[in-house]
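Input: structures, listed below.
Two complexes come next, and they have one chain in common, chain A, joined by chain B in the first and chain C in the second.
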Partner chain A sequence: MAKEEKNKFRVQYGEAVGTVAAQSLGEPGTQMILRSFHYAGVESTISTSGLPRIVELVDAKKKPTTPITYIYLDKGIAKSFDKADEMVRKISEVTMNSVVRRVDENFAKGKIRLILSSQEVEAARITTKGVASKISKDFGFETKADGRTIEISVGTRDPKKVRAERVRIMNSIISGIEGAGKVMIRQDEQTKEFYLIASGSDIESIIDIPGVDSTRIITNDVFAVYRLFGVEAARNVIADELAKTLNEQKIGVNRRHLALIADAMTARGNIKGVGRHGLSGEKGSVLARAAYEETVKHLVHAAVYGEIDHMNGVTENVLVGKQVPVGTGTVKLAIKKEDLSKIGKKK
Partner chain B sequence: MKTEAISHIKFGVMNPEYIKALGVVKLTVPDTYNEDGYPIDGGLLDQRLGVIDPGLICKTCGARAKSCPGHFGRIELVRPAIHSEFGKTLYMILQSTCRNCNRLLLDDESLAKYRGEKPIDPDAIVAEGEEGAAEVKSAMLKRLKDIKKCERCGTQKKKLKFSLPTYFYVEDYKLKPNEIRDMVSKISNDDLEILGIDAENSRPEWLIIDILLVPPVNVRPSITLESGERSEDELTHKLVDIMRINQRLEQNLNAGAPQIIIDDLWELLQYHVTTYFNNETSNIPPARHRSGRALKTLTQRLKGKEGRFRYNLSGKRVNYSARTVISVDPNVDIDEVGVPFAIASKLTVPFYVTEWNIEHAKKMLMSKDYPAVLNVISRDGKRKRVIDTNKEEILKELSPGDMMERQLVDGDIVLFNRQPSLHRMSIMAHRTKVLPGKTFRINLCVAAPYNADFDGDEMNLHVPQTLEARAEAKVLMMAHNQVFSPRDGNVVIGTEQDGITGAYEMTAEDAYVTKEEAAYLLAVSGIYELPEEAKNGKYLARDVFSMLLPRDLSFEFKTKSGKAKIKNGRLIDGRIDNNSIGRGNNALFMKIRNDYGFEELKKFIYSSSKMLDAYVTLMGFTLGVREYVNDDRLVKDRERMLAETFEKVKKLISDYKEGKLESLIGYTQKSSLERMIIAELNLVRDRAGADVLKTKTEKNTAMDMVSSGARGNILNVVQMMMFLGQQATITGGRINRGYATRRALPHIEPGDLSPKGRGFVTTSFYGGLDPIDLFMHAVGSRGSEIYKALLTARSGYLYRRLSNALQDYYVDVDYSVRDAANNLIETQYGGDLVDPMYTKVKNIE
Partner chain C sequence: MVKNEATHVYLNGRDIGIVEDPAKFVSEIRNARRTGVISGEVNVAHYGKQHYININSDRGRVRKPYVIIENGKSKLTQEIIEKLKNKEINFNYLFRNGIVEYLDAEEEENALVAFEEKDITPKHTHVEVDIASIFGFTVSTSPYPEHNSIARQAMLANFIKQSQGLYAINFNQRFDSRGYLLFYPQVPIVNTVSYRKANIQKHPSGQNLVVALSTYYGYNMQDAVVLNRASVERGVGRSLFYKTYTDEERRYPGGQRDRLKIPPATAEGYMGEHFYSKLSDDGIIEPEMDVEEGDVLIGKVSPPRFLEESMGPSGIEEKVRDDSTVLKTGETGVVDSVMVTESPGATKLVKIRIRSLRVPENGDKFASRHGQKGVTSLIVPPEDMPFTDSGIIPDLLLNPHSVPSRMTFGHLLEELAGKAGSVKGRMIDGTAFAEDGLDRMDAYGKMLEESGFDKYGEEEMYDGITGMKFKARIFTGVAYYNRLYHMVSNKMQVRSRGKVQILTHQPTEGKARQGALRFGEMERDTLIGYGASLLLKERLLDQSDKTNVLVCKQCGNIGYYDHVKRVNVCPIDKSSDFVEVEMSYAFKVLLDEIKSLHIMPRMKVNE
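Then we have the complex of A and B:
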C-alpha cells in the first residue's frame, strides 16, 4: 500500500483511545442477549457467555465461573483414540461426590455406607471395588464392597468424627488430577486429531503429564495462564476471551479495543480489574478516585497522607473546569502570547 | 482579577490555629433568628458568616448577597471530640507506637530499614516499584500491630481495643478524646512519616476537634416557605444540636455536675459531631429529621450519584443550548439539522468585531432583519442587551475588540446530541438550517448513530462559543466524518429500509423507467443529465442509479446475495442491497471514502437516499398478509418437519428415561437432555427458514425485504408462516414452572418433557396461536422484557467502570498509549498504529 494511503489510516496523535475502547465495549452491552437458542449445534461444554463473561473478564475474577482447558496431545499419539482415551483416564477428575448417589452414616456402629450411581461409575470407568480399595489406601479404613454399595468402618463412634470423615471422604478424589475437572475427547474435523476438553483449569499440573503437548495447551482461566506463562500470555488470554465472547453474540468490536483493555489491565506486570479495586481505585488523582466511588474514603486518605493531585487526568480537570488533557487538549502553543511581543522588539 | 489555572491540589488536615483564623466568628448561641426575624449575633446565621438575602450587607467583607463568598465561623467545644472519619487512622497510630517512649515500637535498625536507609530483607519485597512499596508498608503495619513489647524501651504494649467509629478502650477503660490527643501529640514527625503520614500537614492531634469549623451560610441557605415561615438547612439543624449540647456540657461543668452526667453529655456531643460529618456512620444510629427521615449531613452531600462530585462537579450545566422533539426531514442533509425559528432566534453565536469587519458589524447591529444582534460584550467584559432604544448608543461605542452575540443563521456549526451518549457518534456537529415549526429536523440516515426514532424523542443542541471550539467541531465532529464507527469500522450512517428496498428493486436487471421518470429521479437528487437510453425510449433503472456514482469509479464488491460490478461509474452487474448502501459492512461506501473522501461520500449518501426513496414512492411497494399466506406445500413441509423433530426428541427422552443417554461434558444427564432437545428444536427452526427460502420463489415483497436486507430476517418470516418455535425463560431454559409439579399449565402432564409441554410453539402468527401456545409466547415475552431491564442496568455499570478506568489513555507523540501518570500502556497503539475506524478496508484487519 502506498505510504500516504497508510498515513490516512493512522491513529491521530492525542486520540482518546481509552475512551473509544470503553465505548466500543460499553455501547453494545445492551445488545447482548442470552442467545442460548441461537446455537446451531449442541455446545459440548458449559461456558459462561455474554455480559456475565465480559464482566468476569474485566473484573479480573480470580477463577472463571466455568473454566475450560483444551488439551492437545503429542503428535505421535494424537491420532489414536485409545491413547486419547487413556489420557482421559489419567487426567479426568473423578470426585467421590460425583459418583456417590447416597451416603448413610451409622453413628452407633461407626460406619459410613456409600451407594454409588451405576451411571456415573460406568461413565467414569471405575469399579466399586476400585473405589473401595482407593478409600482403604487413602484413609486406611476397612472397606467392604458389595454391588454398588461400599461400607466403610471409620473406627470411631464419635458422631462428630464420623461426620468429619464423611466430609473428607466425599471430597476426596478417586482418580485423575485435582482441578482438572471432567475431561472429554473431541476430534478435530480437519486434522482428524483427537484432543481433550477439561472443565477445569489446573494447567500447571496437566502440562507435566507425559503425552500432553505442552506447546498447545490453552485455557480460559486468565490467572492460571498468568501463573504458568506470565503476564503477557495472560494479556492475550484476556483479549482472546473478550473477542470470543463478543463473537458468539455476533458483536463486532475491533481487536485493538480489546487489546487496549487487556493491556491496561496488565500494564503493571500483574492483572488488575477495571473497577474500584483495580485500575480506577489506583489512579494517581485523589479527585478522580473521589468522583468515582467511595468518595469520603479517598478524601480522608488524601488528608492523612498528604496526597497531591497533579491534575493530569480527565476527571480532575473536568471537576475544576480546565481543558482535559486528551485529544486536542494535549496540544499547547509553543510560544506564550506575552513572549510574542518580545520577539517583535528584538527585530 | 488575575486568574491562574490550578496546577495541583494538596490535601491535608486543618490545624486548630488555622480553623481559628479561618472561622471569623465564634458562635455561641445555639439558635438562628430572634423573635423579630433578625439573625442573632453569635448565632448560626450571624451576618458575619455572609449574607444570602438580597439587600443585606455582609458584616465581614461588606459585600452584597451575590458577591459575598461567605465566611466560616467556629464553635469552640468545651470538651474535644474525635473526627469520626479518622478513627481508623488514630487506631493505626496508637497501635504502632509505645505509650512509654512515644516512639514507633521498632528498634533503630528496623526504623532505618523502613525509612529506606537500609535494604529490606528480600522476603518483604513482593514485587518491584510502587507495588513493592505498598507491600512493604502493609507488612510493616502488620508487624507493628503484632509486636507485644516495645523494641526500644521494652515496655509491654497494653491491649488496645478499637470499635468503630470513635471508641478506644485500654483494658476496659474507655479513653477520652483528650487522652488520645495527649498520646498522639507526643509522637514525633519523623516517626509518623515512617507510617506514611504527612505529619507536617496532618498532625494526628488535629484529628481531635476542639474548634469546629462552621461553614458559611451560603453552604446551608435557609429557605422561606410560602407561608412566610423560614425553614433551615439540615446542616444548620445539626450545628444547632452540637451547640446545644456544647452549652449544656459547659453549664454542667461550671456547676460541678457529677462525672457520670459530664461523660454522658460528652458522649452525646461526640455523637452529634460524628453524625454532623457522616450520618451513615456504621454502628451509630442516624440523626433524624422531625419527619423521621435521616438527615443529609456533610458526607451525604458529597457522595454518590446525586452527590457534589458526580452531580455538580462532573456534570456541568451549560448555556447556549436547546432541547426539543425531533422529527424527520429527507430534505435536510445528513450533516445538517433543522432548527426551529423560535430556537434559532434565541441562541447566539459570537461575532468578534475587528477593524476589518467593523462596517459589517455595524450594519448587522442596526439591521432590522434576521439575524439580529442580541447582546454586545465590550472588551472590558461589560455585557449590554441590545434593544431598540439603546442601539444608537451601542453603535457609537462599538469598536474593534468588542464581541457581539448574533442570532443563529443557516450554516452555523452546532453540536447535536441524544442521550444516553453511549458512543462518540451520540454527539455530532451539524450545520444549522433555520426552519419553521417547533421540532429539530434531521435526515433519517443520521437517526441510527444517535439511536433515535421519532416517536417523541427529544434531542439537545449546543452552540460552540469560541472559534477554537467551532473549528474543532467542524474538523473533528461533523456528522459526515462519523459515517464509520470506530468500534468495528462499519458504516453507521446509511440508507434505511425503504431506500434499501428501492436500491434492490432499482438495480434489478430488468427494471426500466420512462424518460420522465428518469428525469424526475435524477432531479430529486440534484442531477440534471440523463444516462444513455436503453431501448424504446426507456432507461435502465440501474443506469439512472449509476448517475449518482463518481464517473471514474470501477470496482467489484460483494453484496448480500452475491457480487456486483461497477465499471466507469456504471453498475453493470449485481444488485445493490443493504451491504452496499445501508449500515454495516458496506464495501461501496468504504471505496468512495478511500478514493474520493468524506465530502463526496456525504453527497452520495444524501442524494442516493433521496433518489431511492423517490423510486419506491414512484413504483409502489406493498406488504400485506398475502405475503405470508402459506401454500399447501409449506403446510405439508411444516407438518413433516415438526413430526420428524418431535420423533427425534421423543427418542432422546426415552433414551434418557432408560438411562442410555450419553451425557455432555460437565452436564448431568438431565441437563444434557435439555441441551440436546433445545439444539434439536433450534435446528428445525433453521430448517424451516431454509425451506421457506426455497419455496417462496415467486414475487414476494416480504422475501424481497429479507433478501435485500431492508427489514426483517428469515426467522421473522418463519414465525409468521410456519411456527414460532421454542420460547425461552430468562435462564435460557425451556418453560417448566408455574405449578408445583414443574409444569406451566394444568393442561400439561406433570413431568412432560415433550416440546409442546415445555413451550415449543407449533402454531404461527398467520395461522393464529392456540391457547397453550399463546400462553407460552406470553411467558417468553415477559421473560425477555425482564431480562432486558436487568441487562441494561448491568451493562450500564460495566460501561461506567470501563470508561472510568480507561478515560485518561491517549496516543502520545511517539504513538505509544499513555495514561495520566505517563505510564506506558502500549508501545504502539494496536500494534500497527491503525485507526480502528479504517479497519474494514481490504488488506487491513
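Then we have the complex of A and C:
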C-alpha cells in the first residue's frame, strides 16, 4: 500500500522534469532579496549570497566573486589549536602589499626603503628580518633590516628599473600559498575539531600540504573542483551550492530539481552555463535556438550550412503548432484496432 | 584642493563670473532682496562643496513663503501679529518689509527651517509660516494627515485626483473627451483651512456618508464595500459620464475630400440601413437620441485608399468608402450635445457628446480621504442593513479589518468628527497639526455626549436580516467618500470568438479591438510542466491561428490549389504530389519571410 502511494510520486514517463525544475528554481528566485541580512561572524558575511550567487552558479562563471575553501586537518592534529594555528601560517597568503605601510624610493642611491606595519606583521606572524631575508632569497638583493624598516639595494640607479623592481617586490608573496587567500580558524561545535576557512580556492596547491586531510577538502569554486576532481564532483558542488544559497534565505526547493539543473550543466563532461552561451545556445533545433535570443545568427547559420530541424524538442513544436512531445504527447497508437484484426486473420 | 577655490556664479544658468568670498556675496544678495533693493523674485542657491552659486530670476520656479529668522528670533513678532489681526497690515506688507520671503527649491537647500517658533535654535534661518504648510495641495485639503501612515497618505493624494465631482461649472458647454459629473456633491463636514481658502467647497467632489465599521456576511472582505440600496437610490455616488466623439471632413491631395452625409448603399463597407437610421439629413445624429453600441454617430464617406478604384467601373459615379464614426462596443447613452464648427485647417468639424447615467453598481470604486479604497461588492436593500437604536441605517459598511494594519487612524477620527459635526449642525476643522489628537477626540466626544450619543462613536446595532442585537457595539460615524472614476461599465469586456490580426491570424489584443487575453510564454510553460500536450495544442493552434497548408512532397515547398484547373500546383517544380499539413499561420508567415530573404526553407513531411 505504502509502496503504491510512493510510486505515485515518482517521475513518470514523459514528465517535463526540466520545465518543472526551471519553474521550481525560477519562482522562488523572484522572491529572493538582493541584499540579505547577515549575522556577524557567520561565513555568509564574507561570501556572496542570494540571487547574485545563484546567477553566478547557473551562468557557470569561471571564478566565483568570493571563493571559499574549507580545509579540514588530519585526524591526529585536528583537535589541537596550536597545530591548526601552525597550518594557518603555512597556508595563509601574505603579500608584501598587505604588510607594507610605506614605500620610499631613492633613485640617486638605487635603494628602496620599506616601512612595515607592526599591526599587520604581528597578525601575519612574520618578522621584519624574515621578510628581509625572503626578499634577498627571492630577488638576490642586498637587504638591511632595522626595526620595522627594510632597506633594499636594487643594484641600479636607472629610475625605470628601480620602479620596476619596486612593483615586483610589492606584488611578491612573503609567506603561505599563492591563491590561498586569508585563512581563519573555526571550530566545529559538535566534534570540537578545528578546521580552516580560506578566502581563496587554489585547492590544487593546498591539498598537497602535509597535515591537510585531502579527503575532506572542499571549496565553492566549481571550476577549481572540476580541474582537480572532475565533472562528477563539480556537479555535486553546483547542486550543493544552489541548495546552500537557497537554504540561507529559507527557500525550500527540492534537491532533485537542483540536481537536475547541475546534471544538465555538466552532462557533456564540462561545465556549461544555462544561457545563450551554454545550454540554450547548444540546443539541437534551429527553431528552438532562434526562438531564444540571437534569432538572426541562428537562422543565417542554418541557411549557410543547410541545417535540418528534426522537430524533437518542445519549443519548435509549439512554434509550428504540432503536438508537443511531452506528457500526453509522448504516447502514440502502436496499432489500429482494424489492423489488429487483420493480424489475427493472417494466422 | 586649493583652499580658496574660486566660486563660479551662474545667472539663470549662464556663467557670469567668479567671486572670492561666496558666503558674503550670497548674503549681500539676500539682504538686498529683503530690503527691497532687488526684486523679491530673485533666489540664490550656494553650492559650497561644488563651488558655484546659482542665481535664478526666471519663470517657472515653484516658491513657498517662509518667515525669516534674524539673530535667532523670528521676525514675525507678536506686535506684527496683532497688527495683522487688526487688519492694519496684510501679507504683502510682511513680504515687502523683509519679514517673509519666498524660497524656490534650490534656495531651500541652503535654509534650515524650523517647524514652529519654539523649535528655533541659533542655526535656523527660517520658520514655517504655519506647520501645515509643509504639505502640498491635495494633502493639506484633507483632514488629519498627521494621524495616518505615510504610505496611505501617498495613496490618498492619488485618489483625490481620481474622484468624480463638479469638475467645471461650464461642463455643459465643454466637449471634454471624457468627463465625470457627480449628481449631488457635498462640502465635507470635516475640512481644513486650505480647503476653504482654495475655494474647493464651491465645486466639491464627494459626499458625506454614514459609515459603520462592520462586516456584512463576508461581503466586504478584502477591501470590498457594501452599499445601502436606499442611499444609492437617493443619489449616493450617482454620476454622469460624458464622452466626446469627433470627426472632420479631411481634404486629400488631388482635390478629393471627405463628405459628412449618410453613406450611399453603394459605398464600400456599407453597414446596412438601420445602422444609419438615427442620423438626420446632414449625416449627423440628433441631440437627445438614445444610442447603443454599433450605432453610427457621424456618417462620413471618404475617397478610396488607392487611386485606381476612384474611377469606378463605369467611370460616371465616384466610388466612395464608408468612414463613419460608430459608438464603441459596450457603450450606451444619450446624445447630449452636437457641435458643428470649423477646424483650424478650415474643414468641417463635428463634436458629439454622449452622456450616460452611472448609478453605482457592483465593481465601482470608492475611497475615503485616508487611502482607504474599496470596490462595491453588494448593494443591500435597506431593510437588510444593520440599523441603530435610533433607526439610523448606514450608507456604507467598511470592514473593520481594513484599519489596524494600515494605520489610518485619521479615518476613525474623521468619522467621529463628522458625526459630531452632523449632530451639532456645523463644520469641523481638521487642519493638520492644528490641535492635539487627544484634545480633538475629547472635544468631539463631548459634542456627541451632549446630544446623547456615545462619546467614542459606538452604537448599539441590530442585524437587519434576523433582527437580533449585535453583541458588540459598532463604531459608526460620518466620513467623506469620493467615487473614483474607475468604473466596471467602462472596463469590462468579453470575448469567446472574434476578430483576428491580418498578418498572423492570431486573436487581436486589447479592449478597444474586442481582443482576447494573451496565453503567454509562462502560461505555455505551465501546460508543458503539467504534460497537457493536447490542451496546449488546442490553446496555441486550434483556438488561435490554425491553417491548412499544402506541402509539396518533392521540394518541400508550399503549394496552392488552382481553382480553375482544379489541381494542386507547386510553384517550384510544378508537381501535384502534395500532403495537407496543419500548422500555425504565424509559422507560415515565418517561412514566407525567410523566403523573402532568398533562403529556401524546405519541409520534409511524412504521410
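Note that in this section the second predicted complex is superposed on the first by the 322 of 347 C-alpha atoms of A that agree within 3 Å, B and C clash if a C-alpha of one lies under 4 Å from a C-alpha of the other, contacts with A are read in each partner's own complex, and residues count from 1 in each chain.
In this text, a residue touches a chain if its C-beta (ideal position, glycine included) is under 8 Å from a C-beta of that chain, and two chains touch if they have at least 3 such contacts.
Bear in mind the structure is a predicted one, so any value in this text is a computation, not a measurement.
Trainee: Return first, second, both or neither, reflecting whether A:I54 touches chain B, chain C, both chains, or no partner chain.
Mentor: first
Trainee: Check whether A:E15 is in contact with chain B, with chain C, with both or with neither, and answer first, second, both or neither.
Mentor: Touch partners of A:E15: chain B and chain C.
Trainee: Quick one: is A:L299 in contact with chain B, with chain C, with both, or with neither? Answer first, second, both or neither.
Mentor: both
Trainee: Taking the superposition on A as described, I'd like to know which of chain B and chain C A:Q23 touches: first, second, both or neither.
Mentor: Once the two structures are laid over each other on A, A:Q23 reaches both partners.
Trainee: More residues of chain A in touch with chain C or with chain B?
Mentor: Touching more of chain A: B.
Trainee: Could you tell me which stretches of chain A are touched by chain B in one complex and by chain C in the other?
Mentor: 14-16, 19-20, 22-23, 299, 303, 308, 314, 318-322, 325-328, 330
Trainee: Using the touch rule from the top, collect the residues of chain C that touch chain A in their complex.
Mentor: Residues 524-526, 528-534, 536-537, 540-541, 545-546, 582-584, 586-587, 590, 594, 599, 604.
Trainee: Hey, which residues of chain A end up touching chain B in the complex?
Mentor: Within the complex, chain A touches chain B at residues 1, 5, 8-30, 32-34, 36-46, 51, 54-55, 58, 66, 119, 123, 181-184, 197, 199, 252-257, 259-261, 263-264, 267-270, 274-275, 278-280, 283-288, 290-292, 295-296, 299-300, 302-315, 318-322, 325-328, 330.
Trainee: Please output the residues of chain A touching chain C within their complex, sorted ascending.
Mentor: These residues of chain A touch chain C: 14-16, 19-20, 22-23, 299, 303, 308, 314, 318-330.
Trainee: Can you tell me which positions in chain B touch chain A when the two form their complex?
Mentor: 5-13, 85-86, 89, 127-129, 131, 196-198, 200-202, 278, 299, 302-304, 307, 309-310, 313-314, 316, 422-424, 472, 476, 486-490, 594, 659, 663-667, 669, 675-676, 678-679, 682-683, 686, 725-726, 728, 730-732, 787, 791-792, 794-796, 798-799, 801-813, 815, 817, 819-826, 829-831, 833-836, 838-839, 841, 843-844
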